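Order as written gives the chain letters A, B, C and D; numbering starts at 1 within each chain.
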Amino acid sequence: MTKEKIKCGIIGATGYAGVELVRILSTHPQAEIVAVSSVSFEGQQLSDIYPNLRGICDMTLEGADEIIPRCDVIFGSLPHGLSEPFAEKCLSHCAVFIDLGADFRLHNEEDYSEWYGKRYEHPELHNEAVYAIPELYRDEIKGAEIIANPGCYPTSVALGLAPAIRGGYLEKGTVIVDSKSGVTGAGRSLTQGTHYPDTNEAFAAYKAGVHRHTPEIEQTLSEIAGEEMKVTFVPHLLPVNRGIESSIYVKLRDGVSFDEVYAAYAAAYENELFVRVQPKGSYANLKNVRMSNYCDISLHFDKRTNMLIVSSCIDNMVKGAAGQAIQNMNLRFGLEESCGLDFVPPAF
Amino acid sequence: MTKEKIKCGIIGATGYAGVELVRILSTHPQAEIVAVSSVSFEGQQLSDIYPNLRGICDMTLEGADEIIPRCDVIFGSLPHGLSEPFAEKCLSHCAVFIDLGADFRLHNEEDYSEWYGKRYEHPELHNEAVYAIPELYRDEIKGAEIIANPGCYPTSVALGLAPAIRGGYLEKGTVIVDSKSGVTGAGRSLTQGTHYPDTNEAFAAYKAGVHRHTPEIEQTLSEIAGEEMKVTFVPHLLPVNRGIESSIYVKLRDGVSFDEVYAAYAAAYENELFVRVQPKGSYANLKNVRMSNYCDISLHFDKRTNMLIVSSCIDNMVKGAAGQAIQNMNLRFGLEESCGLDFVPPAF
Amino acid sequence: MTKEKIKCGIIGATGYAGVELVRILSTHPQAEIVAVSSVSFEGQQLSDIYPNLRGICDMTLEGADEIIPRCDVIFGSLPHGLSEPFAEKCLSHCAVFIDLGADFRLHNEEDYSEWYGKRYEHPELHNEAVYAIPELYRDEIKGAEIIANPGCYPTSVALGLAPAIRGGYLEKGTVIVDSKSGVTGAGRSLTQGTHYPDTNEAFAAYKAGVHRHTPEIEQTLSEIAGEEMKVTFVPHLLPVNRGIESSIYVKLRDGVSFDEVYAAYAAAYENELFVRVQPKGSYANLKNVRMSNYCDISLHFDKRTNMLIVSSCIDNMVKGAAGQAIQNMNLRFGLEESCGLDFVPPAF
Amino acid sequence: MTKEKIKCGIIGATGYAGVELVRILSTHPQAEIVAVSSVSFEGQQLSDIYPNLRGICDMTLEGADEIIPRCDVIFGSLPHGLSEPFAEKCLSHCAVFIDLGADFRLHNEEDYSEWYGKRYEHPELHNEAVYAIPELYRDEIKGAEIIANPGCYPTSVALGLAPAIRGGYLEKGTVIVDSKSGVTGAGRSLTQGTHYPDTNEAFAAYKAGVHRHTPEIEQTLSEIAGEEMKVTFVPHLLPVNRGIESSIYVKLRDGVSFDEVYAAYAAAYENELFVRVQPKGSYANLKNVRMSNYCDISLHFDKRTNMLIVSSCIDNMVKGAAGQAIQNMNLRFGLEESCGLDFVPPAF
């Protein structure tokens, strides 16, 4: 325990993912927050904006550039299109950059241009970046200088489908992903669609077939499959604060039994601390993973249509953002992967 | 206006669909509630159980058998397996029986046996029954003695897919229906899964691939198609009081354009008072149909996968139960179809 | 029924009270909306902003000045400080002005200045204005040209205390009012405090002792008492869409029995359609009045401290705003007071 | 760290307070759960009933009597009237008994009889019991064999008023406490009043003036005051999972300034880890203490009526139950008081 703690800085600390990083890092035994940054609230105390943190993290918000030199690792929690300069600065200061935004997630610049409407300004940086779902890319993460923390929806889908794809159990065809996300997924910025009376007692799809997480999902599934996979992805806004449930629909190949598939999932995640395959007949519920880094997966089978239905639940702000980022930090810095992440999800 | 009002009786008036019938019939200009019945609360005043009705409907709950002879129409809102004797009694008293339960919905006794685990006791009654989605079976309903009011999920799906099937726009293959229902869909009976702290800030699928509405959905879609259609149906419990959103995934045939499909929906529902096809780019939201008899439908297209996505929203207790039942009563008794159903859905 | 309908115009139609006026007036048998106005959305269709109204009220939003000459009554639903010019214009066009804002509620300009920070620009107009809780000021309303529709909290408190004050049952001393309001009370404008993730699973007081409804409450209670009454008023933000519950604490004078007080309430409201005194032992619940014009009142007694506790519940948007405004219109135009207001509050 | 961990047993582990004890103790560095007990679910795994605990606490539920001999401390989380035999058995096995129920809270058997309707069966045990709000009774707790963990409402009120009473700032007269509690306060047992559609979008008072926490509140306030204090206490059911907000109304004595009172609170809680006095002008919000052991207190002043308004917020299940129980265990066993309780309340 005499080892020095990892010095962490957070850029975009007043966004929802940022403040969730603060929540988790505040009790991390091997890391400490040394600086927090925010464009909108520079000069204010973090606990003035988030009174839940009063007495816990009363640090003053600084400018982003000032904090990088003092840190071993920088978490960037920013809208897309802003990360490259910070990544570059981190590299030049030998700080690891963990990007919770989208800029380093897609391997192919064409995809990035198509879905995000801009080109790379520093293409060479992207060679340093590793797309970082620990359960799938553990080894690459250990040596990465730029860690592309995955999107929330893609995390739920990749973990939900990996064993089925790897096992070769699926018929060719479009994967259908019907996801539902709590409102924190839309961020802290005010919009009519997240105004309480508009959101409460409401439910609707949004960005059907055109959400920016689509190419990220396809990239990972295709990598696992070793061939192109196509996804129809439809997210919905769910009137809860936290959590994602993704219901994934894929046909099993003829001759593949549900038991075989279930056994493959159980084996694949047997030694994964943060993935819990539910007993047959139970349903993953986002309630059971809130405030924690777990991904709960349940498997169901419609024998009439030979359809495998995977329900994959995460807390969009933990395994879908801050928790996975810290899991990646742990991996990168040689700590135990679950260090500081042993949150017990509350029953209510 | 001198015409006598239709005399209505409600069996199962203290269930959620029952009390919603009371809410709507209380202000219906051409119908009146003459008796309410409940097994559990016989002898009590309805407004003791539902204080929202105090001063509006303070009627005493009676036994079911007593009320049939005094009514022109009986609404049965009962668990499955209990409707046949009431239907028979209604026929013998020349009262129309509108069954909000499941017993008369399936045309095929084998399906009923398979999914509900029992056989018909009075098979001959089922010949008198009409499956009653007014927008699809208007003419048959006008002459029916037994009206099988459809299930909530099947209503949302049938209205959501009918124009696409009729137009022949869909590729063959399994229809995927991912539905989400407000908690009133689970009824008034107490269960752990609908206990507030278990349900609030929660979301999960249930009965994936095995829900009893599956054969009902397939029956209607197949009838419209003129050939067998198969559905994978997965419902989810949504932490709101009311409303269903069904996201329906079907592939368009090669050469069919989204514009063509959209135009077919617009035309199909142009003269339907209760179906509102949303403008392109808008999303149906269950918020916008709550407390009303509307079905809002929005259409979306994933051109990358040629997938049509239909989002169909109803209030599960109105268009999905009591409202549609009264729409059917209006049709059957020669009233204007929207009589007593001109509820404006509240904005919040 | 051949009588011509009252021509209604709504200024501020896209605010929450405005759109609730639209909801109610859309089915009013003796009134019709002839024009809607909005500063922010002029030129757009109302149903583009509120898709729940699609097919019901697709009117185009106009400028406020254009609509007054075409109307018999104008409902103003505006932030305070903006009503005087509209009131004046209505008077000059012989239209009744029903102000849902605060500008005409206080009889005393000094109070208005103190609490709202500005003076009257047209003091003479205020002589034409009647503070309009129908159950308390029915006769004055019938002849009013300017109707000051009361605030939501003051309505719940005045109806909740009137019989106790009139009966002379209360000891002198500060009245304590602890109120809780649904989020629509804060309006449609976006604020951090009404952003869904900030509001959901949250509860706090606000403006304790300094809310602008305080002088309005004191004005009415003092008028009823015939002497000055003082109130400590603390509102709280409640994570529901609609509804207010006010818990009111007053000491009974020695020798006054709870039964006597209860009987006085029962008698006072016996013939009031919209006030429902709950049976002893029952609790008023805002759930039971939502979407309706009811005020439910329950009475409780702490005999250990001789404290009378009144729980008074209304829908802040109906009896607390749009519904009461229409009740006032009905009174003013000689219609039956409940005309168009016979909404049955839903059970859920 | 070589010190042996405290061996903890939980009786009533499947109730809400019980499962919250499990959540907190699971990551306590100096304590371990060695056994869990439940009458209703004996023989089942705890994680079958609470799937959030899968992989975290899969222990099998045992009978209560079996577990006492193996434990250093027993937490009893039981309905009132059942604790005495367990307390006795703990004493005979040299285990500390921490009772989260009500049986040992009242010093006066007459009060217990009056409010709970039964007498003590083992009066001598009650001499061993200490009423245990650590911030008020720290020294007594250190030597206690039976620890009476306070009720949730009384905790919020005692911490909210102690400095004002101690300072002698209050006029004589009834204290008014208007409290609002999340639904977990009503427990895990199914009731109509906590059925989701009945609770959601609802709000009402209950047990006004007759709640069993009343004598407990009066006992503590009177002890602090050194003279009898009377309280009118009215709880309300709040549609959130967790949290209590108590708004407390007390008149200041003439000549006492609000600044003086505020300073006294700041001083009283300056060194208390778990009580956070909010800056002037800020409001305590139950959101900011959820999942944590904090009590947030804000002070407000209505100078017009000389009324001090205290808003006191806790998580009913943590500082109001399991967290405070563990704080008491820490005190009793000589650990740092905050050991295992350093939860950061989430921002959302």
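We take it that contacts are C-beta pairs under 8 Å (C-beta built on N, C-alpha and C of every residue); 3 or more make two chains touch, one makes a residue touch a chain.
Predicted, not measured: the structure shown is a model, and the values here were computed from it.
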{"item": "Set of chains adjacent to subunit C and to subunit D", "value": "A, B"}
{"item": "More contacts between chains, A-D or B-D", "value": "A-D"}
{"item": "Chain whose mean Cα position lies farthest from subunit D", "value": "B"}
{"item": "Centroid spacing, where centroids are CA-atom means, of subunit B and subunit D in whole angstrom", "value": "46"}
{"item": "Centroid spacing, where centroids are CA-atom means, of subunit A and subunit D in whole angstrom", "value": "36"}
{"item": "Contacts with two or more other chains, residues of subunit C listed in rising order", "value": "16, 184, 197, 200-201, 239-242, 285, 287, 348"}
{"item": "Touching residues on subunit B, where the partner in the complex is subunit C", "value": "16, 19-20, 22-23, 26-27, 50-56, 184, 201, 241-242, 276, 278, 282, 285, 287-289, 291, 296, 317, 342-348"}
{"item": "Complex interface listing, subunit C residues touching subunit D", "value": "174, 176, 178, 180, 197-198, 200-206, 208-210, 214, 230-232, 234, 236, 238-243, 245, 247, 249, 251, 283-287, 290, 298, 300-305, 307, 309, 311, 313, 348"}
{"item": "Residue ranges of subunit A in contact with subunit C within the complex", "value": "16, 182-184, 188, 190-192, 194-197, 199-201, 239-241"}
